[in-house]
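Note that the chains take the letters A, B, C, D and E in the order they are written out, and that residue 1 is the start of every chain.
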Amino acid sequence: MSAPRLELRQLRKRFDGLDVLADISLTVRPGEFVSILGPSGCGKSTIFKLLTGALQTDGGEVLFDGTPLEDGRRPFAFMPQRDALMPWRRIIDNTTLGLEVQGLSRSQAREKVAPLFAEFGLDGFERHYPAQLSGGMRQRAALLRTVVQQRDMLLLDEPFSALDALTRAGMQRWLQAMWERHRWTALLITHDVREAVFLSDRIYVLTERPARVLDEITVSLPHPRTDLASPEASAIEARLLQTLLNPQP
Amino acid sequence: MLSVGTLVVAWELYARFSGISAIMLPAPSRVIGQALEHRQALFDNTLPTIRATVFGFGCSLTAAFVFSVLVDFSGRLRRALFPVFIISQTLPLVAIAPLVVLWFGFGLAPKIMLVALVTFFPMLVALVQGYAATDDDIQSLLASMGASRVRVFLLARLPSSLPYFFAGLRISITYAVVGAIFAEYAGAAKGLGIYILNAKNNFRPGLVLAAVLVCATLTLVLFGITVLIQRVAMPWERLDQGRRR
Amino acid sequence: GLKPVTIALDWTPNTNHIGLHVAQAKGFYANAGVDVEILPYSDTSAGALVASRVADFGILSSLGLFTQRTAGADLVATYAIMQTETGRLVFNADRTDIKSPRDLDGLTYGGFGSAWENALIGSIIRHDGGKGEYETVTLGTSAYEALANGAVDFTLEVYTWEGVKAELDGRPQRAFRYADFGVPDQHSNFIGSSEAYLKENPEAASGFVTATRRGYEFAVDHPDEAAEILIAANKDVLTDHKLIRASLQALIDGHYFRSKEGAVGRIDPAKIDAIGTYLFDAGVLKDGDGKKVEERPDFSTYFTNDFQTA
Amino acid sequence: MLSVGTLVVAWELYARFSGISAIMLPAPSRVIGQALEHRQALFDNTLPTIRATVFGFGCSLTAAFVFSVLVDFSGRLRRALFPVFIISQTLPLVAIAPLVVLWFGFGLAPKIMLVALVTFFPMLVALVQGYAATDDDIQSLLASMGASRVRVFLLARLPSSLPYFFAGLRISITYAVVGAIFAEYAGAAKGLGIYILNAKNNFRPGLVLAAVLVCATLTLVLFGITVLIQRVAMPWERLDQGRRR
Amino acid sequence: MSAPRLELRQLRKRFDGLDVLADISLTVRPGEFVSILGPSGCGKSTIFKLLTGALQTDGGEVLFDGTPLEDGRRPFAFMPQRDALMPWRRIIDNTTLGLEVQGLSRSQAREKVAPLFAEFGLDGFERHYPAQLSGGMRQRAALLRTVVQQRDMLLLDEPFSALDALTRAGMQRWLQAMWERHRWTALLITHDVREAVFLSDRIYVLTERPARVLDEITVSLPHPRTDLASPEASAIEARLLQTLLNPQP
């Protein structure tokens, strides 16, 4: 078993008077795809904010490749829950943002991103502004912006919540293919149990706020997963739904 | 535009038929007549004013930008500089302008300084408030991408400040011309300010207003330029085609 | 009841205004049946205030009277505050290069922004054989600081105010008097009103003017008490008491208020005509459209002594 | 604050040891000495200035608000009024002030007018730009609720304009005092402006700066008040507890 | 069959150069619950924007209770896709917004809304600002703001997309109960086929952009629906998925 890429140890966070994260410990190994499921408002996005440095922890440790995550080091490609597209940048320029930050020239970055527009169902909208896109299109643009960064690790906060079944399935398949090709390490927040089962090696289930880890489920189905109707998949889905609907710690 | 025309006509009629003396209110026809008659002198005196305005405002913009950046990057600098800037704004021009002129002579320098003094603070406040209006999500996102503070500033804070910047620009550009005229008033060889002072001291209210007219035109042109620049600089603000109002 | 009368000033309160405050404090105005309000100084010329009937009377500079009246403003001088010119052309005493007015050619003049200054200085220099060409920087009230500072080479001053102050400060100055270089002597300033007002209120006018003259006479006769009155009436403003006393003394000693012949307030028709002609010849006088007047105006209509009674 | 102290000390040292004459630059110690000595007179002259500032700024705020609303509700009014307002801003005060005395006399009215003239436009621009910054989604939502234009204005556009309003407020409040002083300088019985002019014509540079000092203090206090008001008026802007910076 | 409450006739809309709605005709009868399913970016939200008057149609008609929808008349309680919460209002004041617009006093409106906070999982957050809420909580606040308005008709644009299975099920149950009690007329945009089947009387499926009606499915299951595992429900679900995944007009 390889050393964890990301390790959270007894992470705690409170907003004045409100305990949000009580005690979150989890690990993600290199190349692993891990999902987090949990009730709305329990603190999932807060975990990501702690990881990306937008918020400060009130206790606990975050280790990345065995060393504490320092301020300067940002090994994550992060997709926030609200898309955070820049209203003043065209879609193409929003999607190249991470690459530009990494130092690529605008034209290099565009070259890298442009071929993906079709795949993300955004072709023809390169020169639109975010305000001219539908909710789902914005979400796909935000996802595109995230994955092209090719960081050590992906942090995805509900990347498919605004997508219809067809588009969602397409994006999920694409993500899985990419993940298999590049062996990205990924941490995904989702509400969709089936999505979690489809994509993950392991799934953490969190309790209500203040959040703790309620359950950890390993999904040992072979990749690529196409048949979610298999009895194993259904069993895991059922167990997850059971845990979520009747949370008993 | 129509409203302006109406006002001018009303003024003309009032000046002509109310029996008010030309000392109190010269008729617009008279003002324009005088302006045309003295166009050469007006033109000669407008050039130095334009120069003072443009250079002064340029300096002020540059300084406001530089300091807004410094102040944005360092809370300590902010605490050190802001009181000084605020105090600089609290000094009444009427008392300061003569001193500045005495210290720096009768050339362009004191005018530039005074124009800058008048316009610097609105621009600074606009920029600083604009930076502060940046969306937190966008900033966190950039930070997560490993963007340095400089990058965050360039990619997020600066564009976010644009609407504030332009609000500030519209205000300052009008003050810039007025400031230049005022600076000349405190001491100069040539310029619209001096022209006004001379006209006043020679008891020529018509000429005073002719110079005011020139000054107003100048300001309007500069104002128009800022509006155009805003159109070009913020294309995403002009999207709502098909929207109702 | 007393008839209210307003008077507008030409400058911030100074010793030139002493007669108004004395007449006020001593009750001369009340005795004459007028209730005088001395209006605060403003950037608007007293001539404009009077001609537009915002003020009943105003302290008019000689220049203001001649130019505004010629341009059609309803102004009449009713009282001469100064019997002789208080103004002069000054420069710092250490300017050994300036020996006579012709040396002013090419130097920098710190000015106040009237056409008359140019006519005056130019004619003084030319009278002395110079070309009358010099630089003008318009400074207004900062001219005296600029002179002290060396930023300008010469300026005009009111001797009995700025000149006296320089003496008190030990800043030696030298000066050219206009009359020594071909400029006719004049009353530096007047108290004037509009013909319309004078016609409507002859009694109040003569009451006011006459009481004012009593005020100035009293100031000349009792300088100490008059200075006290002036200071008391402007206590936030006139903080330099030494200057007030010295200035008043200079005004008395120089026979500015009361001429050697004993005249107080009387307007001398010859002086009016002389300076008027000088200004006309110099091309300073313009009509309402800003054109030089072609015909010499009848300067005798510019003033009246009729309101100085008893 | 420290930086201000440093400046004052440097000024004191320079004034003392450079041999510069007190006419050009009185030392701060001297200025403060004079301020204390003439505190009664300064106080008496500060009251009218405060009155002019407060009333003038009050009028200006009211007018700016009223017109911003009118202009927001009617595009036609906007096109009619804006040029007039812009032109009003382009008129150099130095040329206008003497006329204002002619028209409105010597009382408080002309001072209020001039203060309002100086501060009206920044507030108007700030408000108008602020209204324009309202989120489209929120407005559509309100419209869908059947909110009248007035309701949409009150519930969405007005709150959205607050940050712009306060940026404008900070700028105008400093101009308000300077404007009041200028108005007095152009003619007044009492007030800091006329005090400065008098001190100057009486050759008292120390007193001039003492009055400037009072003026600066006054402005700082007013500025501080606007900052406090902003704190209170926009509580949702002070939430980022736990955020890094 | 009762007269339709809402009727769209050949609605068309284009954004410069981009045909979005080609020809949308649909009806909603009084008391009926109708859902719209369709690919991301096809123009679903645009339909709502046309209904609420945020956008102008480029053709076609909208009839409400048989008469054209005029400008002044707004019979809808609308929940936008992006929550449109006002950042400067506390949550309680955001939720009372519609009532205040209807003319209720602030205290009356609060009284009406306050009891629902617990049900919506928002109790304790009344005095928070939107920025202090999680994505799902914001969405619930927006839904709460919508339903308390008690209008003739509900327009819900993906009201549950940010919610986890448990919370979502709870909200759906609550909505169904309310709908049965008040017999609201409702038009719902959703990506979730199961959700559509659970809640709807009828479902419209739209094509890709430019959008047309691809299919119209009547769900004649009894209310309240608790058992979505029933064969009928599964059959409808399967048919919907089939239509969505292989759209053949």
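Keep this in mind: a contact is a pair of C-beta atoms (placed from the backbone, for glycine too) under 8 Å apart; a residue touches a chain by one contact, two chains touch by 3 or more.
The chain list, named the UniProt way, goes like this: A, E = ABC transporter ATP-binding protein; B, D = ABC transporter permease.
The shown structure was predicted, so the numbers you read here are calculated from the model rather than taken from an experiment.
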| item | value |
| --- | --- |
| A-B compared against B-C, more contacting pairs | B-C |
| Farthest-lying chain, centroid of Cα atoms versus that of chain A | C |
| Gap in Å, rounded to a whole number, between the CA centres of chain D and chain A | 50 |
| Inter-centroid spacing, chain D versus chain B (mean Cα positions, whole Å) | 15 |
| Chain A and chain C, separation of their C-alpha mean positions in angstrom | 86 |
| Between chain A and chain E, centroid-to-centroid distance (C-alpha), Å | 27 |
| Residue list for chain A, restricted to those that touch at least two other chains | 15, 53-54, 82, 131-132 |
| Residue numbers of chain C (touch at least two other chains) | 45, 48, 52, 141, 145, 149 |
| Shared-contact residues (touching 2 or more other chains) in chain D | 24, 98-99, 102, 136, 185, 197, 200, 243 |
| Chain B residues touching chain A - in the complex, by the definition given at the top | 135-138, 140-147, 151, 155-156, 159-160, 162, 234, 236, 239 |
| Residues of chain B defined as touching chain D within the complex | 1-4, 7, 23-25, 79-81, 83-84, 86-87, 89-96, 98-99, 102-103, 121-122, 125-126, 129, 132-133, 136, 163-164, 166-168, 170-171, 174, 177-178, 181-182, 185, 192-193, 196-197, 200, 205, 208-209, 211-212, 215-220, 223, 240, 243 |
| Touching residues (chain side chain C, partner chain B) in the complex | 45, 47-48, 51-52, 64, 67-68, 71-74, 112-116, 135-142, 145-146, 149, 151, 286, 288, 290 |
| Residues of chain E that touch chain A when the two form their complex | 15, 18, 37-41, 43-46, 81-82, 121, 124, 132-137, 140, 158, 161-169, 191-193, 241, 244-245 |
| Chain D to chain C touching residues, read off their complex | 21, 23-24, 38, 41, 44-45, 97-99, 101-102, 105-106, 185-190, 194-195, 197-205, 207 |
